[in-house]
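Look for subunit A in each of the two complexes below; its partner is subunit B in the first and subunit C in the second.
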Partner chain A sequence: MDENSSARLKRRLLGIVYRIGLFLAMLTICLPGLWIVLSSLRPTVEIMAKPPVWIPQEISLDAYVAMFSGIGKGGIPVIEYFRNSLIISVTSTIIAVAIGMAGGYAFARYRFRGKSSVFLGLMLTRTVPGIALSLPLFFLYVRLGIIDTHFGLILAYVALNVPFTIWLIDGFFRQVPKDLAEAAQIDGCTRWQAFWQVEFPLAGPGIASAAIFAFLTCWNEFALASQLTRSVSAKTLPVGLLDYTAEFTIDWRGMCALAVVMIIPALTLTYIVQKHLVGGLTSGAVKG
Partner chain B sequence: MKAFKPSAPFLLLLPAMIVLAAVVVVPLLLSLYSSFTPFRLTKPETFYVFVGIRNYVSILSNTDFWWAFGRTVLLLTIALNLEMLLGLGLAMLVEKATRGQRILRTLMMFPMMFSPILVGFQFKFMFNDNIGLVNNALQSLGITQDAIPWLIEGHLAFIAISIAEIWSSTAIFAILILAGLLAMPKEPIEAARVDGCTPWQTFRYVTWPFVMPFAYIAMTIRSLDVARAYDIVKIMTDGGPAGRTELLWTLVARTAYSDGRMGMANAMAYFSILLSIAFTVYFFNKLAAARTQIGAEW
Partner chain C sequence: MATVSLRKLTKRYGNIGIVHGIDLDIADREFIALVGPSGCGKSTTLRMIAGLEEISAGSIEIGGRVVNDLPPRSRNISMVFQSYALYPHMTVRENLGFSLKIAGAAKEDMDRRVAEASAILGLDTMLDRRPSQLSGGQRQRVAMGRAIVRDPDVFLFDEPLSNLDAKLRTQMRTEIKKLHAKVQSTVIYVTHDQVEAMTLADRIVIMRDGHIEQVGAPDEVFRRPATRFVAGFIGSPPMNLHEATIDDGQMVFASGEKLPLPGQFKSDVATGDKVVFGLRPDDIYPTGHGISSGGAGDVHQIELPITVTEPLGNETLVFVEFNGTDWVSRMLNPRPLRSGERVAMSLDMSQAHLFAADTGKTLRS
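Now for the complex of A and B:
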């Protein structure tokens, strides 16, 4: 009896410790982001207040209104940056996924000599730090006259995304049983038809998440963009964020608002793909 | 005569090869060449002067470079190990949850959605000595009266950067290790418990070997873009105070674009490339080993 109740007590205590641990972990993860959102809604006076004001006294969308109402008021041309980011990310994602599908299919369905070294080689091109790659690209782009253009950045981002897209899409094609495509071919499809009518629809959700992943990489990239763009005509949002820190007085509220604008597309897209993403990464890599 | 007919995988991989050759390989060869010249942006004619390994010699005898190199390796070692440990802990916490696991999983991925540049900004804001959340909290709780100069003092700045780096990347480990935990069959654990294993033994000899390949996948993915730390450091301290948080990558950027010494910067860049490749190849091999070790079950 006594042993029973002490065991029960111990179990309950462990349960409480576990709950507290989980709560603290989640708090650490979420707090920084929530703090940014909150700060973007508060007046600057409150952000700067000493001693700190913990409970917001007034909430307003002023920072967002100021940001989207043009250069004179918000300080930086957010709309142009947003447009550049969108054009560059979407275009390079489409190209990278097309190339990645071809490559991923080759890895998933064919045996060829030096397969794993080709794969490692592809991955190694991805390891080159953006800043190291930006040096020769900067020089080349100046010579070719494509510095500070959408085209230049799109080209660089396609190369940046191809290796990882191939890894992911390879994984998704592996999950589609080989027999299905073979059955289609026996029934009279060509390999090309079998691919588009059987394998592609089945791997579709996976490919979509690879696309979203590629999109996010472009959307978030900074090291290359900061050196290969110079002006409003090609600067992306991450580079635009730096406009705020260049000055001596930092407009924290405006910066927070821009951060929120950047994070919302990323948040939505990541939420959509989370399940497929993990599946693609692990199956591609573990099942060999 | 039979015409040359390339194989299907070759054709399929061709576009990828062309793009990567044009944007990565050829530029890197160019930068390899220019690392042997005293090339300066302001003096284009210096591009054609060949000085042999003089750039490399002067880098290797430069203490600032070695400090940056050592600091980079230190940061990566600390960050990767802690990310792995914390990710494992987080994955196990979430795996244990009986209710609301979906929500917890989504929350867990939250930092993955932040771009490094945003992470840097967010922690710059939080660690601000005057209005930052950290100092405000410490002062309101009465732990300290003074404003701690997080980003102004060298060591503290390094710690702040490590925290930012760890916050942003632990999620990758957690999510992949969790995938491993969820994919794991339950019988071996029960068998181990019946046979009288302690929880620690069960973890060490049953769970961990199973989850290890997943941890290495996470490591490999992480090592593909270790240089993301550049974004964080660039915005948080920009290598300051007085070069105390200068990493290899910020040093390369400064040498190239602020000083305009492209030749020198390219030589440094090669060190950073080799560092990244070393990390990737190391984890890729670990991954292959772990895969064959556990291969029977898959």
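Now for the complex of A and C:
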């Protein structure tokens, strides 16, 4: 065999190994999700079976039907939970992104006293686990009378997300050349117009990704929500999962079904927005 | 009418001075080049005129109106950036028409002016492309087009050609000159490239460390540099500049070698003065191969060894050793020369320059 054909063979073999590796990695990542979907369709007996039953024997949508069947027939107020989740996540995301844009822009474009310390301080807040704050927050909220309200949870989530959105959006504004805003100002824009006409559209993909992250954080958050909400009028979907736990039993199938209901909107949203997360939008602005 | 006047224009960042109170009057329709090494304050000056940089002291007038505190959009200026600064999310058409859109111009008016500008710059066929789909030269043209569309009082150029390759740069230089002839606006052009400044400008402003060293027509700054810095900065290859001490009508160099004092400076210096002697490569040449072959009287003949030659086709740069260092000379109608060969050189002392060694100012009275 000559050198060239052995090199070609080696390259092909490597390609195959590479694909197998990728498949295994993807499988590991996707398996839990798949398992949840499967479990929502199988009877609890099969879910709990030892040794595990890999191939489902019995498939039914009973859990989904039951979920919407109302209290007493195995149902939970899923519509209310969904509404609460949506209101809380969307509102806190909008606020966090708005603050993140203002803050990120300031950090990216302006020089001011104590800039790096303020930035570091913001990042340090991320090191405190949210759950550690839940008890103090609980007492505070009780005193303020905002326990078990949308407002209370929105406030907590905004605080949770703002450092992150500032940090992410700062990076994206840094990538937009300063010259562009200056050119826009010479072209007749005010500072404000220059921002909305030029810098905002160019940082758009970054702001969208910050929004997704913020939304998903709120949508999936459990620890704080479980402490700060009690009633049907404020509980979010992740907290709603607890409705499936009784004193002695856990309805795994129902829980998985609710998890699927939770995952679908998040997945859809991410899918819609990811098309707009195209990088390299600023290429061509400056030399190259 | 768009004259530009700078009065004691100053820029400081904290205690660090960048521009130290410069004065400059620019006539209507004049093409002015601000030139100097990096960090000399030329770009800062331009940005202050544009309104992108606040001024620390002094004043700026455009068309007789003080614009010190006006935002860029109220100064009726256009600027071409070094990076072009095209809006990447807009097509060429939208880039060109952006300023009109912001000003709320009518659609027909906008189309007409975009069409005019794109015709001048040959952009007609690429109006619907995005900046990322254009070559460097095309982007440069769009940037200029965007400036033209505004029909400004003053055009500001901030090193517009430095991102282009050498060939394109020469081409765009000519286009800028043509453009100026067509649009007849006042132009302030910042560059570090003295060739660009020489070829384009009506007057050149040479800056150094935030001060203006000299203002003058290209020919003037070339022939009568006011300071040693200007002499060394303008001209390529640069002027030969060497320190010497005056001793009884002669210049004594560090190595002890001597040259006669140029006749025109006889009354300006006295024995013991420290000077810098300057002679352009054009004024030192192998005898019989110079620009001023024969003619002018004050030619000093000397035999010098050759160190290196750089043939350029129609001329050769010959490096000869004198005073322990290389002096560059320009040889026209070149003949082959060998390194180490001693050749008779003519030094046209009537073209020589003398500067005071301490202040760097010319000694020409």
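Brief remarks on what is shown
Simple rule for what comes next: the second predicted complex is superposed on the first by the 229 of 288 C-alpha atoms of A that agree within 3 Å, B and C clash if a C-alpha of one lies under 4 Å from a C-alpha of the other, contacts with A are read in each partner's own complex, and residues count from 1 in each chain.
Following the convention adopted for this analysis, contacts are C-beta pairs under 8 Å (C-beta built on N, C-alpha and C of every residue); 3 or more make two chains touch, one makes a residue touch a chain.
Model, not experiment: these values are computed from the prediction.
Looking at the superposed arrangement, the partner reaching more residues of subunit A, out of subunit B and subunit C, is B.
In the superposed model, A:103 lies in contact with subunit B only, and not with subunit C.
Look at A:2: by the touch rule set out above, it reaches neither subunit B nor subunit C.
Contacts of A:177 after superposition on the shared chain: subunit C is touched, whereas subunit B is not. Of the two partner chains, subunit C is the only one that A:187 touches; subunit B does not reach it. Shared contact residues on subunit A (touching subunit B in one structure, subunit C in the other): 281-282, 285-288.
On subunit A, the positions that touch subunit C within their shared complex are 177, 179-180, 182-191, 193, 197-198, 201-202, 281-288.
Within the complex formed with subunit A, the subunit C residues making contact are 50-52, 71-73, 77-79, 81-89, 98-99, 102-103, 130-134, 136, 139, 146, 150, 163. Against subunit A, in their complex, subunit B makes its touches with residues 7-10, 12-13, 15-16, 19-20, 22-25, 27-28, 30-31, 34, 89-90, 93-94, 96-97, 104-118, 121-126, 130-131, 133, 136, 139-140, 167, 171, 175-176, 179-180, 183, 213-214, 217, 220-221, 223-227, 230-231, 234-235, 249, 252-253, 256-257, 262, 265-266, 269-270, 272-273, 276-277, 279-281, 284, 287, 291, 295, 298. In the complex of the two chains, the subunit A residues touching subunit B come out as 18, 21-22, 25-26, 28-33, 35-36, 39, 47-48, 50-52, 54, 98-100, 102-103, 105-107, 110, 112, 118, 120, 122-140, 155-156, 158-159, 162-164, 166, 216, 219-223, 226-227, 238, 241-242, 245, 252, 255-256, 259, 262-263, 266-267, 270-271, 274, 278-279, 281-282, 285-288.
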